[in-house]
Structure formats: C-alpha cells, structure tokens
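Paired with chain B in one complex and with chain C in the other, chain A is shared by the two complexes that follow.
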Partner chain A sequence: MKTELNHSQQTEIQIEKSPSSLSILWREVVKDKLALVSMILLALILLVVYGSAIFLDQEKIVKVDLLSIYAPPSSEHWLGTDYGGRDIFGQLIIGARNSFTIGLAITLISCLIGLIVGLVAGYYGGVIDNIIMRVIDFILVLPFLMLVIVFVAIVPKYNVFTFILIMSAFLWTGKARLIRAKTLAERELDYVSASKTLGTPDWKIISREILPNLSSIIIVNLTLNLAGNIGIESGLSYLGFGLPESTPSLGTLVSYATNPDVLQNKWWVWLPASLLILVMMLCINFIGQALKRAADARQRLG
Partner chain B sequence: MEFLKINHLKVYYPIRGGFFRRVNDYVRAVDDISFELRSGETYGLVGESGCGKTTTGRTVIGLIKATAGEILLEGKDIAKLSSREFSRYRRDIQMIFQDPYSSLNPKKRVLDIIAEPLRNFERLSPQEEKRKVQYFVEKVGLHADSIYKYPHEFSGGQRQRIGIARALTLNPKLIIADEPVSALDVSVQAQVLNFMKEIQKEFQLTYLFISHDLGIIRHMCDRIGIMYRGQFVEEGTSEEIFNNPQHIYTKRLISAIPNADPQKRKEQLALRKQVEEEYTNSFHQYFNHDGKAYRLKRISETHSVAIL
Partner chain C sequence: MLKFILRRVVMMIPQLFILSVLVFLLAKAMPGDALTGQLANNPKMDAKTLMEMREKFGLNDPFYVQYARWIKNLLHGDLGLSYIHQQPVTDLLAGRMGNTILLSACILVLTYLIAVPLGVVSGRWQDSWADKLIVGYSYVSFATPLFIFALIMLFVFGFQLGWFPTGGSVDIQIEKGTFDYYINKMNHLLLPSLSGALISTVGIIQYLRSEIIDTKLKDFVKTARAKGVPESRIYSRHILRNSFLPIAAFLGYEITGLIGGSVFLESIFSYPGIGQLFLQSIMQRDYSVVTALVMISGLATLIGTLLSDIILSAVDPRIRIE
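Let's look at the complex of A and B:
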C-alpha cells in the first residue's frame, strides 16, 4: 500500500512539474481574455467560412447577372450584388476561404524553407553561413512588391498555386534570419557538444536537439506572419495583381471601393470584406501576442 | 605502450585584421604540449582560467581540430582522421561536461538523453534499451523511475550524475572530465568525485581530469600536469607536485590553497610572502622575455619542470 501511495505521488509530481511547451502556450492564451475571445471568434469565422464554402458553387456566384447590378441587400442577396450582379455574400465566403488558405499556405511554405535554411546556416556557420546570408541579403534588398507584380505579369499560367509560390519565394528570408540567429545561440550550448561527442550525426543534432528548443519561437512567428500574409494577399488583389476576378478574394471586394460611387453609396460591396479582414487580422495578432508572451518566461501572465 | 599519447599538440586560432581579413597573428591556446596517459590512471590538467586546459580536452575528443601534433589512442593517430573515420573511436572516448545545466537538452527526457549514444551505436529493442538505461541510472544513484522525467526536475548534482551515466553507456575507455564539479556546491562535489572514483574501479576507466581546483586534483589524480599560457610548466606524480614543486608557478598555485586551520594563518602568510618574493626576484629563471615558459626538462623519472 505504501508503495502504491508513493507511486501515485510521483506521477502527480511528474505531471505538475513538467508542463510541455504546448500546455504553456495554451495556458497563456486562456489566461489572456482578449486572446481567448479572439481565438473563439476566429474559430467561429473559419468554421462558418469553410463550412458554408462547401455548399456554395463558385461558378454560379461569379456568373454575371445583368438584371441585378448593384442590388442592395435583400432576402435573395444577403449582402447585395456588385457591378456584375454577382452575390457579395457568396464572394465574401469564398473570398475569405481563398485569402485564408493562401495566407496559411504562404506562411507554411516560407516557414519550411526558412527553417531549413536558417538551421543549416546557423548550425554549420563559417563559409556556408556567409554564402547563405549574402544570398538572403540579396533577396531582401530587391523591391518585393515590384517584383511580385512583374512575376504576376509574366507567369504564363497564373492561378492560386503560382501566386503562393511567388510569394513564398520572397517571404522565407525573414524567417531564415530569425531561425539562424537562434540556432547560433543554441549550438554553443554544451548539449550540442555532448551530442557530437556521443556520435550523433549532424542532421540528427539539428532536427532532434536544436529544433525542439526553437519550437515556441517558430509557433509565435508563424502566427504573427499568418496575419501579415493574409494582409499581403488582400493588398495585392486590391492593387489588381493578386488573384484574377474569376477567383473571389477579399482584396478584390475591397478594391471595388476605388469607384467613388461604390465607396459613397454602395457600402454593402466593400464594407463586409474590409471588416472581415480587420477582424481576422486583429484576432490572429492578439493570439500571436499571447503566444509571444508564453515563449518568454519573464513576460508570462499565467 | 601508453594508452593515450599526445605529441606536440598545438591549437592556434588566427587573428584576422586589415585588408581582406588577412591573418596577422595567432592566439596560441595550446602551444606544443606533450603528455601521456596510462591505462586506468587519472591524469590531472591544472592551470588558471584561459590557460588552454579545456581546449586540450576538447581537442582530444575531437570537438576542436588540432592545428598540429598527434593524438595517439592506443598507437593510432586520431587527430587527423575525418569525422567519419573518427566515429569508430568515439565509443572509446567520452566526456563529462562542466555545466550540468546546459549539457542536458531541456526538451528531452532522461531516458532519451542517456539512450542517445546507444541509438547511435547499437541496435537495441526498446525493452533492452530501457533496461540498459535503467541499469546506468541506478548505477549513478538515481531512482529507476526518474528516466521519465525531464532534466529540470533534478538538482545540479543529480544532473551531473545523469551526464556521467550518459558518458558511461558505451563503456568508454577514456573519460575526459572537464571541471565536472566546479558548477556544484561543495557538499555535492565530494559526493560526485567519490562516485567517479568508484566507477573508475568498476569500469576500468582512464580519466583526463581538468580542473583549476588543486584540492580536488590532489584528491583525484595520480599524475598532474600544470599548464600556463598553453604550455606545460611542470609535470609529475601527485606527491612530487604537491610536496616538491619546482616551478615558481606551481609554487604560487600551491601556496594559494586556503588553509582551514586558523592556528597556521601566520605560517601560511609567511609562505605566500616568500613565494611572492621568489617570483619577483627569479622571474627570468622561469620565464623568457615574452613571459612564456621554457621547455620541459626531466629532473627525475617521473618529474619534469620547465626551467633553464
């Protein structure tokens, strides 16, 4: 009986004493009411957007209907129609889905590239680091927006997929820099030397030893970048260099506001999309801030 | 034949500057040292901080590349091997690190930390692996259940024992102990040191023991090398160094050991004054005009000193 008691005590201590980084992140988000509300709101938005997008037919929505141009909100068109008589609500849902998916894909792809490049540059250092960093510096000094516009113009088969690739090709550099800096600090620690003396191959040291110690920073950066990337997509579409009009996007809807008549008299065309962008980016940012605090023990609330 | 022999080992770091970052000069971290370890003994490397003792240890295990010189492990030069060829000798040399806090990965459980070398060199089933890890964990005096805990749940002394268990798993012949107890408090130091002596007998280990604490060196080592600015100034058995120091630097180090007996405070003070006087008066007998030591000269079978 005594041993039983002892055992249960020990497991209790174990659970209490070693909170995983994920549970720390979770606790921080729950502790911060703003982040918690943001998370619930974002989850709701995404659920509605992805859920109802399944039932909507993109072809039907983008079909021009000359009889109902600029119709105000009604029971048939919940948020009215645009200059082509297309349903705004449907475009909003599909546009939000497209914008979010694109933002997420760009974030994940650029994160993956940045992670690999940053880890390699930081871990090996020396000549390899020098070469990689000069390449990154070169990409960083290029005028990003202008080049994206040029690429969009010259790519023959321009669609969502190529758009994601073009964006990712430019956006991995910042991530690579961040990861490299962290890796440089991490590889000087003795546990990396220990792994070397124990005969662990380099790729294993990078992926099993150093990477887990960077996990919280990666999650934080991922979240904050996600908001920015959704914004970039919408911004480019607004300028007319994002997605083609046949693929609804939040940026396209907002860009209708360049017409003064729409901006003044037809609020239903651009206001819902603008609000949705604002709310989504704010939510993601608030969550990101909470995660950022969780990654640094000195700033934690919970 | 000696178990480990080090011949004219040099580790230089270039100082770059000026146009095109040319090499202007070198930091001579380890400057032409030679010594040998016999199987089963404990060899102490002593010296002030920055004298190159840690660099020597890390070069022997291959963490730092030697600029010149030979490291002969059982007659085979391991200094010039590529990292792939070196991996065959990895198993024979292991290291205990100075800082028990940074030398254990905070994201891994004790089981994964201690099993890391096993996973690299041996193919064991999870059951065998766990049994082996538990054996070593109990060997170093920790509870068998602790293999599922994370490093931060242990005290400094316990963490150092985990580090020792990790070094033992491959049955190495040589263990390089780089100031293994300097991050621990005094009561735990003795515990860890005595434990290291025990396992030395049990596993027939050879230690290269690096420390700046002469008390610990005296307790642990059979033979001692005193380092100063990357060179040896004196080498000999423990008794020779402590009872018959020849070099002024050794004398200064030994006179600096604190004496706990308040009755002998005056004697100790007088001794220190005398050594200090000797140091200022006969400086050039021991050091050349650059402040470097001379070449080692053999004065008995086991005792060598760097004097003119």
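Let's look at the complex of A and C:
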C-alpha cells in the first residue's frame, strides 16, 4: 500500500518536472535543420574515421614506397600517394583521428581549468577575483600564436602531451572569463543566499547548485571551442609547430602544399585534408550556433 | 576622461614589465646562447676563449643584471645581433616591418570595405534574402581557418586562373620607385590581403547588424521618421552615426589576430614580412630575432588594446566607471 503510493507520487512528479537544460538543447538542435544535417554528417565522418582507423595498419601507411611517388588517385590508392609513395587516404584517416582527438583533449582540459578558475573568481569575488582577472587580462593580450610556436620549439622532449598542455595553458582564459561573469550574476540570486543561510558549504553550493545552472553555457562554449581548437591545431601542424612527426595531423597533409608543385599540380595530396578540416569545423560550428540559440530562451525556435 | 586614460596607461606598465620578463626568460630557456652560434661558425674558438668571451659579454652575471642590461639595450632600440644574418636585428627588421604593416593595413581596409556595407544591408533589410545570405556567409567565414582559405585562394586565383602573382612582395626586375613598381606591389598584395579580409569580417557584420536592428526601433528614429526624414537620411544621419565609432575602435583589438594571421599569410604567399622572418628564425634557431619579434608583437598588441579601450570609453562613458 505504502510503496504503491510512493510510486504514484513519483510518476506525478516526473510528469510535472520541467525539461532539463540538456533536453531543451537537444530538442532545439534537432529542430534546426542545418544543425541536424551537420550532426549526422559529423557523426558519419567520426564513425568512418574512428572505425577504419582501427583496421588501418599505421606501419604500412607510413612505409615509404619509392615506386609510386606522387601517384594520382587509383583503385589501389584511393586518394593517390605523397612524396614518399605513402597512401594519402590512410594518412587522411589517421590524421583526422589525431586532429579530432587532440582538439577534444585541448578543449576538455582548458575548459576544466577555465571552469574551476572562473567559478572560484566569480563566487568569492574580492581580492581573489581581482588577482585572477589581472592574470587573465594579461594572458589575453599576449601574441598567442607566436608564443605557442616558441614554446613548441624550445620545450625539451616535445610530444603530443606537451603540445596539449602548451595549448591549454593559453586557451583556458577565455572560458574562465565567461564562467566568472555568469557565476557573478548567479551568486546574487536568492537560491544561493538561501543555501548559504542553511549552512551549505561553499564547495557544495558551487558544484551542486551553481554549476548545473551554467551547464548550457558550458556546452555551447565547449562546442564552439572544439571547432576553433581543431583549426588552431591543424594550422600549427601546417606550419610545422603542431603535432610531432610521429603523430600525423590533417595539418601535416595540408603542409605538403608549401611545395608549389604539389599545390599546383597534385591536388589529391592537400585538398582532401583541407576540405575535411573545413567540413568538420563547419559542422561543429553549425551545431554550436544552434546550441547557442537554444541556450538563449529569447531565440528558441519553440 | 583624462583620469581614465592615465589609469589605463598606468595599468599597462605592470603588463609590459611581466611581458618583458616572460620574453627574457624564454630567451634564456632557448637552447644555446649568443656565443654557441658563433662557436659553430668559428673553428678557432676554444673552450678557454669561450669562457673569457662569456665573461666579457656578461653571460655569467646573475640573471637580474642580465635582465637590466637587456632592458636598457631594448630601450635604446638595440635588439641584439642576428647570428644567422650577421647583422643587427633592428636592420633586419626595418625592411620586413614595412611589408607586414602594409599587408596588415590592406587587410584592415579591405575588411572594413567589405564588412560595413554588408552589415548595413543585413541590418536594414533584416530577414530578407540578402540578410540571410550575408548571415550565412558570416557563419561560414567564422568557421573557416585562415590557412586553408588562403591556400585555396592561392590555388584557384593564383595557379588555376593565373590572375595574381603567387608569391613575393614585388617582382625583382622592376625598378624601384617607378609607377609600375607600386602597381606591381599592390598586385602582389591583393590576393593575400583579400584572403585575410574575407574571413575576418564576421565581427563587424554581426555588431553592425544587431546595432542597427536595435536602434531602428528606438524613439528618436521613430520621431525622425514621423518628421518625414527620408529613409536613407535616417540611416546615414541617425542610426549609423552611433555605430561607426565603436566599429573603428575594434581596430586595436584586431592587432592580435593580424599578427597571428601574418604568420600564416606570409608563409603561404611567401611574402617577406616579419611573420615569415619569425618562422625562419625559429627554424634556424636564430633566437635573438625571435625574442625581438615576440617582444614587438606583444607591445603592438598592448598598445592596440589601449587605443581601443580609450576610443570606446570616449564613445560610451559607462565603460569608464569600471
């Protein structure tokens, strides 16, 4: 009898519960046709890239084959070969996998740092906030690209992990500033004061009460940054200061185009990688824009 | 206002100091110092003379003494010596700097020339097909990485269609100072600056569009319309006047992007500017040039932000209070 009552109460509550911010975001993105198409396309690309990367033999792909240097696309090499006779299609798959994974890692790490710093600065305010904001203002005016290149050039034992760290060291600032501004506004609201009066510890207010209210902004920011970071990573790899040689990136493939002959006559070497970067960034951006509209109640499609 | 400017300038001093310390520490962290470069070129140099030289150049001094000397030289305009080119860094920079400033100025002019009309059209005829097209373009340009766009531009217009020269800043055989020389120079500039400008318009377009959409419903615009002011005059005199100064102020914030962009553009179009010099110097481990360039870029960014902040605060007094 008692359990039955409990059960019926629970279903009632579930019906009345307002949709969570995540489900609103999802609903809005699905409604936006462009974003939906982008999402499906991106999912397909990632599926193909991560799926076939398992079956591809990296050793075989990076093996130099002098008999088929710069071979145009054929049934054997779907997208031809590069200056070492290596299969472009295989490199494309592995490059896309590396670029995406590393872009994601940079996004997540810098977001985590930005989130913690922003929450602390915004919630406590005062001197802490002042010091943190000075640091952020300073990092934001640094010539980012040049400094990353310098760091990449001088770091001893340079590898993928150090690259991710160097990038994250600069990229957390924008997120921290955004989160701080939102936390500052959230802090003044009644539910925080009420919770404080009840004696809830600060860490609990921050992590259990303020953080969930920022989730939609964080997701929007994550998505847009992911696209940006893939772009920066492949750009740096293009210049030769991105991923180390052992980890080919899409940018590495594009960088073959620094040779005018390749750029002019051997489109199959650099164009597919360029287009793949472009398509991935466009897709992620369109999804991000749709999420941004969804997170702003005034701009929802309904 | 004066108080704000003063405070803003004073705020810049610690930033400059930290920037200089950072650059100095980076220079120290770079493998090898001023003398290892010379050692490689000079087989006569042995370990003992090297030690003496180090003492003479003060490389054994404590780091704060070295830092003070470096700053003193910097303030005197002495940026050190390039070991690859065997000439003072200042001389090396002089020619290149002009090229980069020219390229950046062209990018800025083109950006404004493209973005302002598009932003106005998009805001004035909101939700029309033209607006949708412009908003679509601005989304796509926002998502496109500069280096890929520039490569595709070079491929299509430089190589396939052959409309533009594909590299350099001017053809060598043309005599300096003639009319042809300047035309030729402009011709070399056009493709790189178009590539840079076409994808950096998004900020201005979106700002103008939302400003116009906001302003055109305000009371003073309604009053003007009720008085019978023609629509074109409402836009030129009443609506746009408020938006143009903030847009001009964005200039300063663009400098960071321009410096980053010049590294890519100059490398793709093999345009002899400081971005290309920076990459070459890093690869040849010519670190005195690298530190000088990082320091100059940092300084340029700081000054750009300062100018933008001052212009914006002049336009909008609310910013000053903070």
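The rule we apply is simple: the second predicted complex is superposed on the first by the 283 of 302 C-alpha atoms of A that agree within 3 Å, B and C clash if a C-alpha of one lies under 4 Å from a C-alpha of the other, contacts with A are read in each partner's own complex, and residues count from 1 in each chain.
As a convention for this text, contacts are C-beta pairs under 8 Å (C-beta built on N, C-alpha and C of every residue); 3 or more make two chains touch, one makes a residue touch a chain.
Owing to the predicted nature of the structure, the values given are computational and were not obtained by experimental measurement.
*Asks:* With everything superposed onto chain A, say whether chain B and chain C fit together or clash.
*Replies:* fit
*Asks:* A:Ser195 contacts which: chain B (first), chain C (second), both, neither?
*Replies:* first
*Asks:* In the overlaid three-chain picture, which partner chain does A:Pro72 touch, first (chain B) or second (chain C), both, or neither?
*Replies:* A:Pro72 contacts neither chain B nor chain C.
*Asks:* Quick one: classify A:Gln289 as touching chain B (first), chain C (second), both or neither.
*Replies:* In the superposition, A:Gln289 contacts chain C only.
*Asks:* Give the label of whichever partner, chain B or chain C, reaches more residues of chain A.
*Replies:* C
*Asks:* Of the two partner chains, chain B (first) and chain C (second), which one does A:Gly51 touch, if any: first, second, both, or neither?
*Replies:* neither
*Asks:* Looking at the overlay, does A:Pro212 come into contact with chain B only (first), chain C only (second), both, or neither?
*Replies:* Only chain B; A:Pro212 stays clear of chain C.
*Asks:* Between chain B and chain C, report the minimum C-alpha distance in the superposition, expressed in whole angstrom.
*Replies:* 10 Å.
*Asks:* Following superposition on chain A, which residues of chain A contact chain B and also contact chain C?
*Replies:* Looking at chain A, the two contact sets are disjoint.
*Asks:* Would you tell me which residues of chain A are touching chain B in their complex?
*Replies:* Against chain B, chain A makes touches at 10, 14, 17-18, 21, 189-191, 193-201, 209, 212-213, 215.
*Asks:* Within the complex, which stretch of chain A touches chain C?
*Replies:* 137-138, 141-147, 149-151, 153-154, 227, 231, 234-235, 238-241, 254, 257-258, 260, 263-264, 267, 270-271, 274, 277-278, 281-282, 284-286, 289
*Asks:* Of all residues in chain B, which touch chain A in the complex?
*Replies:* Where chain B meets chain A, its residues are 58, 61-63, 87, 90-91, 93-95, 97-99, 102-108, 116-117, 120-121, 145, 148-150, 152-153, 163, 166, 170.
*Asks:* Show me the residue ranges of chain C that touch chain A in the complex, using the header's touch definition.
*Replies:* Residue list for chain C touching chain A: 15, 18-19, 22, 26, 29-31, 139-140, 142-148, 151-152, 154-155, 159, 166-167, 256, 259-260, 263-264, 267-268, 278-279, 282-283, 290, 293-294, 297-298, 301-302, 305.
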